[in-house]
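Each chain gets a letter, A, B, C and D, in the order it is written, and its residues are counted from 1.
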């Protein structure tokens, strides 16, 4: 497939500035604005679930709503994972073979699969 | 197993007052206070994830945090499911055989398993 | 909903003859023939995955096939769970309140959700 | 971390000989013998589940066994995924940027998370 890799990749990978400690590392998400909007909506959904419990709403309706929140979180996680593989992991592989980045990625995926 | 069913069941089943429409149905959760506290903590965790994205925190750390939130939601859902089966479903089975309550329960569980 | 519960339930609940030890308990599945056929097909699918590995087939194709097997197993598990709730659990609730049957059911569901 | 990448990688990545069509592609799994042994055991476990249904064994025991099979399949899938990322995906990234390999990988992971 012939495509301009820069035009293509631009919106779907994160750009990292590396630090020793992962808590100091800074990684800009490509669709940061859209991600934070989605997370704000999820925060609101949790508030909605909380209200449902407070107002003694029907168990099944609460459980359905919790399943919806989990799906929304999966959506956000999938997008961040995609940016991470296209950005951090790809860069690491091209820089030093990516040994550690790949091991870390597999750990994250294992946790997501559970 | 000989046990006083009343003493035993008291804290782990929901108590429903039925209505035609599930949105009007009122079901008091047995550990309502603890549930709302857990949901408030989860709401705070989502806010934390949001901050991590805003502050360009490392993708893997964000994904790990999202997995933690999902586990916490599973904990809440499992507790509500347990109260629902011990309360609403049991009552329905004893009252009218529980045809509809069981069908609805299986739908919820299917969605939780996905 | 007015329906003849006998006509309705007949095909979707298991019929148990109880014993002290679960290994001695005998429970006839309602659609036993269809279940064993599905399991035989799944057994064949696993054989197929094994052949794919032996023949050095492409990793992604193997993983896709494994996901298909897991979905098929979920289908079988969901059907058995449904028969179990409609049969064993319902009977237990109507007989002795179902304390133990419900606790056991919730354990199974928790394991299925993981 | 100072390590000899060759010594390290040798056992955990697949080695591919590429073809246009994925069905023609040949990829040797690093621990092929161990993988086929595990799959043969899983095949046997499915046969065991089938026998349990035939012998009218208790629903909960069957469901527990199905959960065990699914965990075993997750183990196999995780190992193949790991070999795939360390082999095919890494090679693709180093050869042509890995655009397509990464997109395909994310599709597989999404299916595994479901």
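Going forward, a contact is a pair of C-beta atoms (placed from the backbone, for glycine too) under 8 Å apart; a residue touches a chain by one contact, two chains touch by 3 or more.
Quick caveat, the model's predicted, so the values are computed rather than measured.
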Superposing the Cα trace of subunit C on that of its twin subunit D calls for a rotation in degrees, to the nearest 5, of 180
How big is the gap, in whole Å, between where the Cα atoms of subunit A centre and where those of subunit B centre? 24
Intercentroid distance (Cα basis), subunit D paired with subunit B, Å: 33
By the touch rule stated above, which residues of subunit D touch at least two different other chains? 74, 81, 105, 112, 114
How is the touch graph of the chains shaped: line, ring, star, complete or other? ring
Every chain pair meeting the touch definition is listed as A-B, A-D, B-C, C-D
Along subunit A, where are the residues that touch subunit B in the complex? 14, 16, 22-23, 25-29, 32, 35-36, 39-40, 42-43, 46-47, 49-50, 53-64, 66-67, 69-70, 73-74, 76-77, 80-81, 83-84, 87-88, 104-105, 108, 111-112, 114
Would you tell me which residues of subunit B are touching subunit C in their complex? 1, 3, 5, 8-9, 74, 78, 81-82, 85-86, 90, 93-94, 97-100, 102, 105-106, 109-110, 112-113
